[in-house]
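Next, two complexes with subunit A in common: one pairs it with subunit B, the other with subunit C.
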Partner chain A sequence: MTTTAVRPTAAASRNRTGETARLVAAAAVVVVIAVGSIFVGVSDVSLPALVANDAGAWEIFWVSRVPRTVAVVLAGMAVAVAGLIMQLMARNRFVEPSTVGTVESATLGILVVTVLAPDSPILTKMLVASVFAVLGTALFLAILRRLPARNTLLIPLVGIMLGGIIAAVTTFFAYRFDLLQTLSNWMIGDFSGVLRGRYELLWIVAVLVLVGLFAADRFTVAGMGQDFTTNLGLNYARTMRLGLMIVSLISAVVVTTVGAVPFLGLVVPNIVSLLFGDNLRRAVPWTALFGAAFVLLCDIIGRTIRFPYEVPVGMVMSVLGAILFLFLLLRKRNA
Partner chain B sequence: MPETLQTAPRLSARTRWRDTIRSTPPGLVIAVLAIAAVVLVAVFLTIDLKGNIAYILPRRAIKVSAMLLVAVAVGVSTLLFQTVTANRILTPSIMGFDSLYILVQTALAFVAGAATLATAPSTLKFGLEILLMVGFSAFLYRWMFTGATRSLHLLLLVGIVLGTLFRGFSSLLQRLMEPSEFIVLQDLFFASFNNVDPGLLGVSAVLITLVCVGVWRMRHTLDVLALGREVAINVGVDHKRVVMRVLLACSLLVAISTALVGPVTFFGLLVVSLGYQLCRGFRHAWLLPIVVLIGAIALVGGQLLLERVFGFATALSVIIEFTGGILFLYLLLKGSLK
Partner chain C sequence: MKKRLSSYIGALVAGAALLTVTACGGGATASSQPGEASTITIEHAQGSTTNVPVNPAKVVTFDLGVLDTMNALGVEPTGVPEASYPEALKKFSEAKYAKVGSLKEPDFEAVSSAAPDLIIVSGRTAGAYEELSKIAPTIDLSVDAAKPMESFKAQTEKLGKIFKKEDEVASKLAEVDKTVADTKAKAASAGKGLIVLTSGGEVTAYGAGSRFGIIHDVLGVPTAADVKSEGSHGEAVSFEYIKETNPDILYVINRDTAIGTASSTANPILDNELVKSTNAAKNNKIVNLDPAGWYIVGYGLNNVQAMVTAVADSVA
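Let's look at the complex of A and B:
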């Protein structure tokens, strides 16, 4: 008995060192991409200019480029991790906050607060958006509980439709109050408006990602159902509430600061699971890193493809993400 | 307790009402719907008619003809699509047909230049678009419907994602164009019932009539097709050829309605579901006119209600999206709960 108990532990610790090394290497790659993205843009911010202590270059560096890259990394990590948590809770690989109505609900929340109290500070808007996001996601989870069989493809379909219905309500009122153009700012993620002083609330999601990292195992257990969870001595309702809060808060904060980033939370956790299997402790950091890298690349593509104009990252993401999603859907068909 | 006592008779009243409808001869249903449609059109044309009548009346006539054409195009194409795929949930729009049309148009503008496209003869342009769209959709949907697994849910999900992909790709291409070209193109797309191109109306009317004559002549074959692929083949229908032909008709109709007023995702689903509720049996000879009439009543009546009662301008498509989405969710859940 002792030998069997010891051997896996030894293997696990050996694995863990290798794992840490690989994670550090991957993080280094993300940092390299991030640094690279700092030097992409219309105004000249080149390494020689910075070394020569060009005041203008340094100013753009600190006011625009660094905040933008930080925002991209934070949003990428958070949205991907939110997708992973959503997938664990719904026990379905094809859901994420933008396919179950969370993002649409957050958008509706911002619209409501914009109509009722247009001058309210961004923190208030975020709070209202979060409340709406929680309600929308809870509605989805409630519908999910009433579905008799856990049909893999039915669940995302129901979620997409729910999102569509909420989006129709939002469009209706945006149209009535002449806010359609403002609305499109929230619906298509775009980092071009990120400047120092306008993105700092995104740091909130960094905290939420950390909470998600430590609670990830619980969401897996909670996804197994109420009885199973209770048998393991875990408070089912509290765990589901925690997951709901993390996913909704992340979505609301990201939508209010940069807009929706579609498919990211769906594609990244799936790719991570294809590459590394379903070990959850490992999946969370990898998902965060891949999410950051993916959004960084999409943002660089968006900035260079039509230079000197910019294509919003949400647009690039919706094309790339949809192609990847189709690939994931049809992969099983041929197998 | 008092609640259950109340609901019991109400429920039976509802079934009795449905039985009454089901036992009404389809001819009578069509007659009633036709009268309602004619009355609504007349009201739409004449309500609050004052001021410069010579100016207002033709504009209203254009608007109402566009609605009627869309009602025919969307109703017939959805019914055909559901018949061919033997289900009650798939519609051309949900499967991404109309976003495909917009993508084809954008891609053409991207390759040829929006300015060239805007000045090119509209019939030539329309012909080219239809050709590309039919070719592509035939390839795409034949591949999907003849695949090894034919899970309805997979098809639906793939269709919805394809629609998103087409839309995303169109907007990406639009962003990649010169800003001046983008503005020209934008004018081509965002048509609504309020600014329909009268030049397109004539061409569309002719095309829709031609397609409808063809469809009407196929109505008995369609009845057989609705029974499923195996039955149809056993009875001696050349399934592959007929399906191709129906898909061609669908592409044409979707292209026309999208060109006229832009995408209306759930309208077809709404109209055809209502049509099946009102029509006893599944004969296309009855279903086709019923579906078209319901479409006309919904569009003209809905627009009338919005404009005159609620004082809104063009939010009809949003309301269609909302109610259609709820109906879709209901059908989806009902189908899977069975």
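Let's look at the complex of A and C:
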């Protein structure tokens, strides 16, 4: 929250090589954690077994371990980046897709398909969830435009209320159709069901994160407001639509494949902002890396804490995320 | 002061309800043989209820197991919960049976206007016992998970006593006992079993002593893994866990069909390479248990027979 530099200043470009080196180092750390994640599980997959070309170990490696780790990395990066973009669009640090109705709308969408056409393929579910997510998020942004003053507290409160209303509708129908426990499966993210052939649609979010990375500067500008954006020669409406699509699609895809990953979109961008300031071009890669590392660690904890049983990653994340966030806030206050 | 007043009013209301009920009971027994008690005392999970009418005309039950038993004995209930009824109990979704709340939450007004002579609650609605007792004599026929078979038999015998169907209950329970004994004899050598529940893409394992534990505890199927599930919800497991425990028989309860979200009987969640590598899959011993019967209905006279028979077939 110090300097808001859209174009890199002279000092920033001097730091650029150092910055790249640090990013590469961070990426290496994420890779190390990911490799660690590959070797955590119930079946015996060890490095010696893989080297000895043990067919059983290699099968588990490809069928179960690699898909799970890739799914965790993709979901972690995407949800964190979606949170960041949402915060820029709403011009508020305290919103994320799961507190403004995006995730709730996506869940409502899945519920609607599940009730109307229970046997429809996952791609259909995802499409419907995406449409609902786009509508829900658009509704939030439309309400924001009509708010009289840009009050820091009012925006997240409106988001929470809107999310609450949508969640209430969802819960009501889930209750009527005896789907409450299935609903809780979608609301608590869990990677235990991920296998080869069951997560590949998550690659969609990788594309969305890349789009977010390249459009990063635009969101920084759009975050300054409509007039400012137009003055800089950017199409404000189009930029907002792009952000809306990225955030909604990421939320819908993640909810349909692994379930909601709470808190991540709020905590990670704020941590990155506390550490590196507000330059979005820098913030996007850092947010993606932090998101991936955080979910990887939480998933490893979830798999080992009650071994051989699992604790849903969403639960681990809520606890760790809250502690981490509090710690950072308090540390900053003291410094 | 305020509290004392409200409890006084509560006692008064309860007293009035009691008076009405005994009055009704008195009228009903006028036609029965002289000397026979019109009410009996039933000991149950939450104490004893002294004024349970014999052959009550209007019964409200919140437990589908009890409903299944009543259905087996040919006793018609007045009020039943609003639920997605499985095939065997489909007729209770008709409007002529008053809907008195959900499986978990009684609708007290609906119960009251059904003017029951007897209310039966169980595990899911046990918490409403006190309140429902104020409306009519209420008994809690929860089945004790620690000793399910004994408990189920005791509860069913109580129902037999209330509805004067002791002989029918005894003969049907003897039938269940026989199937259990037959199953037990074969189960010991039929291989190790693992019980899993699938829901929304995820798998939970259940062990001995769990809500589906009668497969191990009563029917004697050896356990493929020592699943320590506390409470009724099992343990979340990965497919690797299923592969490593390598059960000879995999019992599957697909919760998504119990609640009508997936219409097909094939289970897409378990259709993967890791599950296919188990002995159960190789020997074609992936047993799909009737989800409604196991998950929703539970301990009813017909249903327990069906549950036991399903396991008996799997070890035959």
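Quick note on the criterion: the second predicted complex is superposed on the first by the 307 of 335 C-alpha atoms of A that agree within 3 Å, B and C clash if a C-alpha of one lies under 4 Å from a C-alpha of the other, contacts with A are read in each partner's own complex, and residues count from 1 in each chain.
Convention: a contact is a pair of C-beta atoms (placed from the backbone, for glycine too) under 8 Å apart; a residue touches a chain by one contact, two chains touch by 3 or more.
Only a predicted model underlies this, so the values are computations on that prediction, with no experimental measurement involved.
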Quiz item: Will subunit C clash with subunit B on subunit A after the two structures are superposed, or do they fit?
Solution: clash
Quiz item: Of the two partner chains, subunit B (first) and subunit C (second), which one does A:Leu234 touch, if any: first, second, both, or neither?
Solution: neither
Quiz item: In the superposed arrangement, does A:Phe177 touch subunit B (first), subunit C (second), both or neither?
Solution: second
Practice problem: Considering only touches as defined above, state whether A:Val311 meets subunit B (first), subunit C (second), both or neither. | Solution: both
Exercise. Determine, under the contact definition given at the top, whether A:Ile323 touches first (subunit B), second (subunit C), both, or neither.
Key: first
Quiz prompt | subunit B versus subunit C as contact partner of A:Val66, first or second or both or neither | solution = neither
Quiz item: If you stack the two complexes on chain A, which partner ends up touching A:Ser43: first (subunit B), second (subunit C), both, or neither?
Solution: second
Self-check item: Superposed model, subunit A: greater residue contact from subunit B or subunit C
Solution: B
Practice problem: Just name the clashing stretch of subunit C against subunit B, choosing from 4-12, 22-30, 112-120 or 202-210. | Solution: 112-120
Self-check item: Set of subunit A residues, in rising order, touched by both subunit B and subunit C
Solution: 306, 309, 311-312
Quiz prompt | List of subunit B residues in touch with subunit A within their complex | solution = 147-149, 151, 153-154, 156-158, 160-162, 164-165, 167-169, 171-172, 175-176, 179, 312, 315, 318-319, 321-322, 325-326, 328-329, 332-333, 336-337
Self-check item: Partner subunit C, residues of subunit A touching it in the complex
Solution: 41-43, 59-60, 63-64, 114-115, 118-119, 177-179, 181-182, 185-186, 190, 192-193, 195-198, 303, 306, 308-312
Practice problem: Please give the residue numbers of subunit A that touch subunit B in the complex, ascending. | Solution: 94, 143, 147-149, 151-154, 156-158, 160-162, 164-165, 168-169, 171-172, 175-176, 262, 305-306, 309, 311-312, 315-316, 318-319, 322-323, 325-326, 329-330, 333
Quiz item: Within the complex, which stretch of subunit C touches subunit A?
Solution: 83-84, 199-203, 205, 235-241, 243-244, 255-256, 259-264, 269, 272-274
